[in-house]
Amino acid sequence: MNYGLQLLLITLGFGSITFWIYQRKSQVPNTDMTRIIVGTNAEYPPFSFKDHDGEIVGFDIDIVKEVGKRLNRTIVLQDMSFTMLLPKLQSGSLQIVATGASPSPEREKQVFFTKPYLMNDPLVIITRADHAPLKTVADLTGQEVIVNDGFTADLYLSAFTGPIIKRLPTVADAFLTLISQRADAFVSARTSIEPFFEHADRSKFTICQLPDITDSYVLLVSRKFPELLARVQQALDAMEQDGTIATIKQKWNLS
Amino acid sequence: MLRVHNLKKTFGAKNIIADISFTVDHGQIAVFLGSSGVGKSTLLRILNNLESLDGGAITLDGKPLDISRVNQDHTVGMVFQQSNLFDHLTIEENITLALIHVMKKSEKEAKDITHSLLAKYGLLDQAQKYPAQLSGGQRQRVAIIRTLAMKPKVICFDEPTSALDPLLTNYVAQNLQELANEGYIILIATHDTAILDKLDAAIYLMQDGMIIETANSKEYAKNPRAYPLIHQFVLGEKNQN
Amino acid sequence: MINFTLFSTYSNEFIQGTLLTLKIASIGCLIGITGGILLALIQTNIKGPFSWLVAIYTTIIRGTPMLIQIMFVYFLLPELGLKLSDVWSAIIAIGLNSSAYVSQIIRSGINTVGTGQREAAYVLGLTHFQTIRFIILPQAIRAVLPALGNELITLIKDTSLASTIGVMELSKRAYFVQTRTFDVLGVYGIVAAIYLVITSVLSLLVYYLEQRMNRNVTRS
């Protein structure tokens, strides 16, 4: 096959791919007004996780389903890893992400945040019962402290130079490492660790609340759908007003 | 003088070397002639402790020869059919390696010995080259030099002409004769009958692990028919070539 | 395609991550090659239980996921009395893993060295050990240099598994930046470029080394 023919085929190939990508990008994403595609990473109880039957359930799931009801649209849930959620939200293939996320100014450059519907979740320091209790950030100086990647505890503690921070992906990883004595403490929002104690012995651990810092939770909305953000926020405000959010919180033992 | 009495090697029920005896004095050449598989290479390999023997006695200059020490003591040396030079080392390094690490000579001493031997064989300008850059004939001379550097008493040559251009046969024969004249005991295993008339050697024709006829090469040249088995072998080889 | 503002804001993260990745990979590789040579020599020169032990070891290591091996070194070794930091746990696990693979590579290299040269060394009076050191190993390693280079490149990529025990190597640093900025594609672009630069430079080095070692040496 001569050079000329090869070059021609390559150009055609690349040309087709470029054209196809351009086509897809210029399409208005998901104009189906009867559904809302919601992405989640169902590995984070109590916000989003799978129950015994493999159904995706959780506090954030209930919130977003209720929002869907009020907007008269069906919620279609898609479960995927965290790193998949964001690019899809940005491209518009997902419209909302409900996965126990917390807001930050830097993150706001990439996505819309609703106002928080759950706030004042304290951060706690968990140590093994046989370890000296740690009560403040100062106590954590020189200690090996576990946080979960990207969670509020991570962002908060990273600003301090005292603690030796160890970042692990999940709550389960954190407890395993703590129990194996490969770290001194685990710092996390209280809601994230309560599910762990359903099956673990609380008396083996000491839990102290950190002063001056709490976590809050929001829904993420794709920047491709500004009008959706407004309507979702309206629905959330209404749910707050008429006590629906309080009911859902009670269901999941949150305050 | 190298005396070999009743050498024997078996493999299972088969006699690879059946019952071989011969003597070779300093300055003499012994040629073990035969087609492949007769045991001539095995004989040389036994003398170099590359194969074990199952029976027989060997003495060198009146004393029993401890085969297990022939390599360390540099009593016996071997030049292989394929030269077997170390491909990743220069010609100089091929020769100095054993001088330094086995004979424990200093680097300077080793290089001096190497250079004088290379010069003697006209290969001094190849000292920094690698085996792959040399011709087959040159590689063989390097292999000989590598063995000579160890100053052995006995040098074995396994098929010295087989890997080479037939035109080089004269040259190889000349080298072998010169080495004998310098006082080495030379043993050759070969099926190449062309070198016979270029050497003054004792011919031992072998078959099935035994010596079936002996002759002096010069005597044979004068009267081949007096040695019918050797003559038959020579004619046989000529017909094949 | 590459977001330079993102890179400069978080340049410390990316640079520290790259340095740690290189540190883990290079020490791991050193352990891998030294261990690999040792294991290969045992398997080719010693008959009996030592050899069998090596064969069992390489089978287990090559047959289990590296992730499990890292966990083992990090969580279980302390129970047996050896407590290493997370970085060193990763280095040791990766090094031991690599040695199992390298030993098989070197074994095949050793087998390419013909019996002729071994016999020549033998009749010259070189000891078994000297033959290995001067004749066999140098040629074995020359023969398998490309495979060894590939092993190093694979190691660079394997270091990302260390993130599971919290080691802040490059991929973990990337995740760190992602969670703070939510700019997944931007971060991936930068990190992919970094990995590509590292592996390309390594490939070139291996190629150069190979050329130098084999100049004039290959049998025609």
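So that you can tell them apart, the chains are marked A, B and C in the order they are listed, and the count of residues begins at 1 in each.
Note that contacts are C-beta pairs under 8 Å (C-beta built on N, C-alpha and C of every residue); 3 or more make two chains touch, one makes a residue touch a chain.
Please read all numbers here as calculations on a predicted model, not as lab measurements.
Engineer: If I average the CA coordinates per chain, which chain comes out farthest from chain C?
Structural biologist: With centres defined by C-alpha atoms, farthest from chain C sits B.
Engineer: Of the chains shown, whose Cα centre falls closest to the middle of all protein Cα atoms?
Structural biologist: Ranked by how close its C-alpha centre lies to the overall one, first comes C.
Engineer: Considering only C-beta pairs in contact, identify the chain pair with the most of them.
Structural biologist: B-C
Engineer: Between chain A and chain B, what's the gap in Å when you average each chain's C-alpha atoms?
Structural biologist: 82
Engineer: In whole angstrom, how far does the Cα centroid of chain B sit from the Cα centroid of chain C?
Structural biologist: 46
Engineer: Let me have the rounded angstrom distance from the C-alpha centre of chain A over to the C-alpha centre of chain C, please.
Structural biologist: 36
Engineer: Once bound in the complex, which stretches of chain A touch chain C?
Structural biologist: By the definition above, chain A touches chain C via 82-83, 86-87, 90, 104, 106-107, 109-111, 146, 149-151, 154-155, 166-169, 173, 176-177, 180-182.
Engineer: For chain B, which residues are in contact with chain C within the complex?
Structural biologist: Interface residues on the chain B side: 48-50, 71-74, 76-78, 80, 82, 84-88, 97-98, 101-103, 129-133, 143, 146-147, 150.
Engineer: What residues on chain C touch chain A, complex-wise?
Structural biologist: 74-75, 78, 86, 164-166, 168, 172, 175-176, 178-185
Engineer: Once bound in the complex, which stretches of chain C touch chain B?
Structural biologist: My answer: residues 114, 116-117, 119-126, 130, 134-135, 138-139, 142, 216-220.
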